[in-house]
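After this come two complexes, each holding chain A, first together with chain B and then together with chain C.
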Partner chain A sequence: MANNAEDVEKNMDQQQANAAPEPPQQQQQQQQQQAQEAATTRARSRGGSGAGGGGDGGGGGGGGGSGTGPEQNGQPPTPRPVVMVDAEEDEDEELTLKYGAKHVIMLFVPVTLCMVVVVATIKSVSFYTQNDGQRLIYTPFPEDTDTVAQRALNSILNATIMITVIIVMTLVLVLLYKYRCYKVIQGWLFLSSLLLLFFFSYIYLKEVFKTYNVAMDYFTLAIIIWNFGVVGMMCIHWKGPLRLQQAYLIMISALMALVFIKYLPEWTAWLILAVISVYDLLAVLCPKGPLRILVETAQERNEPIFPALIYSSTMVWLVNMADTDRPKRNSTEAASSQQETPEAAAAAAAAVVVSPAPSSPSQDDGGFTTSWVNQQQHQLGPLQSTDETRREIQQMPSARPPVEDDDEERGVKLGLGDFIFYSMLVGKASAAASGDWNTTLACFVAILIGLCLTLLLLAIFKKALPALPISIFFGLVFYFATDNLVRPFMDKLALHQFYI
Partner chain B sequence: MNLERLPNEEKLSLCRKYYLGGFAFLPFLWLVNVVWFFREAFVKPVYTEQLQIKTYVKRSALGLLLWVAVLTTWITIFQHFRAEWGEVGDYLSFTIPLGIP
Partner chain C sequence: MTAAVFFGCTFIAFGPAIALFLFTIAREPLRVIFLIAGAFFWLVSLLLSSMVWFISVQISNKESAVQQKGLLIFGVVLSVLLQETFRFAYYKLLKKANEGLLTLSQEETMPISIRQLAYVSGLGFGFMSGAFSVVNILADSVGPGTVGIHGDSQHYFLSSAFMTMAIILLHMFWGVVFFDACEKQHWWAVAAVVISHLVVSCLTFQNPEYVASLVPTYVILFLMGVWAFYSAGGSFRNLKLCLTCKDKDFLLANHRPR
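Let's look at the complex of A and B:
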């Protein structure tokens, strides 16, 4: 798998050398031209291709006819129009915004799904809201203290520790990347997704069965977990159907969010959310921020950043169909259109490492004794939970001649860390709020609005942006406002049967 | 991953890998194979590798059906007789429901 990814990167280099990617500091003219080209491409291909989105990939489908229906199969792609020299600002802007709007919708669905999964689990499976007295090792200070001041202090300390851990992990990641230790990074990502897919889904399944009082035998369970895990690893790290890969990414984000919801105490969780969005803002936008350095290094090297754990609304990262035959120019060109150019390469990596299992297992620990858990931690090494770097959104590159692109192929990428923290916010809101569904819905809407705004900014600025700050800020504001202002108001109204 | 963009040989190779992988107690992989390559195998107009892809899809479907049958039988037996098996039943159980069976 590691080799595959490396080949991916090497071949990306070759392709990108051909494709002459442009640095983000482009001139406005170029951007406009690109946008226009993209626009015209889009306009044409929208008419042409069917839902399969493979219109011009028909050529890539290999000699033998591949076509059905509306796809332009087997035919050479329609020639590019001459790039319009006169900049029609309005049309350009409109198309840019339309382009942005479509991708907003494309991201709404997965984010909503993730949140729905998390909220549904929180509401039904009580395990995730129980306080078993366990904590992550990153948040050692308890929150059930005697005084409010003590509690506040503890939560601040917890948040500080967590943020420090995250910063350190990001720096380690950036360093590893800078010194080209790709294998280490890929191994790390592989291990952490392994942990997520097998161990956490095992726990999840156990709790769901307990909640619904269903008997399950080890044999069937083993088959289920084995299948789920292996197919997940294949889809995420190798090749698999796009929808399945998206589904898996959503599921692991939800699992991770659930872990956070369970093991982070109240005030710590809110503080962490706030601090992480600030950190995200700084890390991505400041010139010396680690994530910005990561992006720029990747751009210098003309490489994509880690091909794992970024949700892509259309094509998958690792799909490098082109790493075998160069002669099949059609397919390589078509393929390269969906892959990252350095511009888009800021897909932050997942340092998905997951937190180690809690140190004091609960009564029913599913057969895992304390010693097993500790041994696991020991073997797996200091895997730590971070999701920092996944917080960048990017746009897929706009069309590069002679690449064929249509709307569906150009997607938006959102880091998995964003999914996780959004879901964590909404999940915590549904778990803890006294306003119950009001608060949950308010947070949900707030996050989606934040996402819209972020994508709008993305369409305007066309470079990697942090996805967390706006959404989390809105989410937090809405949560506290709804919980403390709106809910009592609604309660009073209902009490007095006063309808407004 | 968009199958449209792959050359046929690679489609075939992918289909084969999914088929072979399914033998490692992975009926889900066979299911994915069937669903994903169904259009390729049966709906698309003929191309050279299509016949082989068809075979793989058919065999995956067969394997899948077999697994489904086996699993359904086992699950039915287990759920029905678990309480009666006493200790063995508990030993086999991963979660034991509360209440009177």
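Let's look at the complex of A and C:
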């Protein structure tokens, strides 16, 4: 992580007042995120490395997924029996349909919101569609060349460089994870979300004020940005109200998508979208794919994948024993990590994955001061509760009714990278297409249908699936088709006021 | 122009449709999904018809205005026919999906009935059709300008908005009647739907004589509405009971006392 910090500072010095430095950071983040996400279905968080990058989290479709939760209540997590009786299967299918539809809508709404934010910004704030001549260092070849062939070549080279960077970062992340360098990864994600929440939102706010000619002093701005950023960090990395956390995740995905829209030249952007979908497909489904390795490693170790930034739609409250050695706990993650559903095989990004299993003597005394402990020992005799003794007690039949697994309360998860790339596609469509709103609408519907199909496949196959390929494929097809074929037709019709 | 025209036209065009969506569809996830799928099918039909039109334009004489207009009319007719074909295809897909679900689950009742699907898919078609027709016009109405400065009609925005509303509601009615006719194998009713769609589209060829195009369209809208009402199982008695809040089934379903 030190390296990253250095990079950031160096970049900041080099380039003033533009977000160019982010991309390198972001790229790395992306990689990480990708790796993380790839693990779970949908986790395609390729998303911006930049702070928000974290989004990668695995998206797990469908419920908590085989959350490899950390030890719960002193017992090692036991995998829920996947064996289901036939008679129950049909009932479950029916329930799956009803609750599957609900899960689809739970993802439609945030994806739609993110796209609406991006499109609204693109249409009103001209900063994000201006070509300032700046480029990311990962796309060094310019696209304003003399010949079409040269432009095509440049964009192919740009896309190649970008994809190579992403692959390398993913491998680095998988290696880091394999060799248990959790602190490194955690710090990296922390830094990237810090950057996104403070720096990018400051730039965004600045441009919005410029557009609407709002005069604001630096003091007020500092207070606003400070509050926004700190609450965001808390909500994302620690605890917070569910809606607020979801809102923050949507906002940082939108910010990241806007950065991409601004700094990636046209043809490069489309190429990158296409190639990333293919990479996503390969990385998650091939046996040797880095993201698949990540998922399997996480499942072997019975650990949840990085909390990173994964959009989760519900929160389930659990009764949990006070755990020691648990630095940050995100209740959404905790909740979902406990829900191991046979349906969602995606390892849901659970809460802090980096925390190792709790060891008995902990630094945190849990509120029991030494004087109290001494007094108790004096009264009751020396007592020591270890993991083993706790386990014995826990394994005895408990009077408490078992926690009900309610399908409804199991949420869905989608990696932030998916959000970012969906919004990037729709934003680019609204920025670039001369057919304006028709193209944007067509891409929007195409992406939603792709998401729907992906979730359907998830319900059928019940394993980690990439969320990008189908949606991006539909989105690209509809973008190019609508822009080139439908637009002239509809323009002519509107001219004569014919209705079809 | 500007905000008043924009908001006015938007609400005229999409008001009834959005109200229908909010009150009957937004709460049910399954219906929302089928609505969006319906919109997607309409989009695909438009894509295909645009492709054919585009190709025909490329191989034609671009100078001749008459030929271009003729090709446009051909495009419109083709588009209408393709839309109805895709409506039929969507019906077939839904039937198959329904049957699959029914055999899969042991229950007798479906999570969503074919009539609801007809309504939802019709509305989906309508939303997409209306949006594609009018959104660009609405976007332009926000900015500065004078309507009809070159001698065209001054009622362009208003007439577009009313036409769009009619089209959206018509698609919904057509959906209901179409699916019902397919269920009962009344192919004459299917043909009637297709023909009425063609008539409505061809009426718009008379624009900008709005009286000649809008009034018959609204007459057809009213007639289709009545037909859809009866084919969905409505009757005068039902209507009376519903309006006087005495319909027991409806009240039971909504857990309200009489």
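Heads up, the rule we're going with is that the second predicted complex is superposed on the first by the 319 of 500 C-alpha atoms of A that agree within 3 Å, B and C clash if a C-alpha of one lies under 4 Å from a C-alpha of the other, contacts with A are read in each partner's own complex, and residues count from 1 in each chain.
In this text, contacts are C-beta pairs under 8 Å (C-beta built on N, C-alpha and C of every residue); 3 or more make two chains touch, one makes a residue touch a chain.
No experiment lies behind these values; they were computed from the predicted model shown.
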item: Partner chain in contact with A:D436 - chain B first, chain C second, else both or neither; value: second
item: Contacts of A:N227 with chain B and chain C, given as first, second, both or neither; value: first
item: First, second, both or neither for A:I460, with chain B first and chain C second; value: neither
item: First (chain B), second (chain C), both or neither touched by A:V168; value: neither
item: First, second, both or neither for A:M216, with chain B first and chain C second; value: first
item: When both partners are placed on the shared chain, which of chain B and chain C touches more of chain A; value: B
item: Which superposed partner A:A120 touches (first chain B, second chain C, both, neither); value: neither
item: Partner chain(s) touched by A:L244 [first = chain B, second = chain C, both, neither]; value: first
item: Sites on chain A touched by chain B in the complex; value: 52-54, 57-58, 60-68, 71, 206, 209-210, 213-221, 223, 226-228, 230-231, 234, 239-242, 244-245, 315-316, 319, 321, 324-325, 328, 331, 334-335, 338, 366, 409
item: Chain B residues within the chain A interface of the complex; value: 1-10, 14, 21, 24-29, 32, 35-36, 43-48, 50, 71, 74-75, 78-79, 82, 92-99
item: Residues of chain C that touch chain A when the two form their complex; value: 29-30, 32-33, 36-37, 39-40, 43, 46-47, 49-51, 53-54, 57, 69, 72-73, 75-76, 79-80, 83, 101, 104-107, 111, 128-129, 131-133, 135-137, 139, 156, 159-160, 163-164, 167, 200-201, 204-205, 207-208
item: Interface residues, chain A side, partner chain C - complex; value: 90-91, 93-94, 97-98, 101-102, 104-105, 108, 435-438, 441-442, 445-446, 448-449, 452, 478, 481-482, 484-486, 488-490, 492-494, 496-500
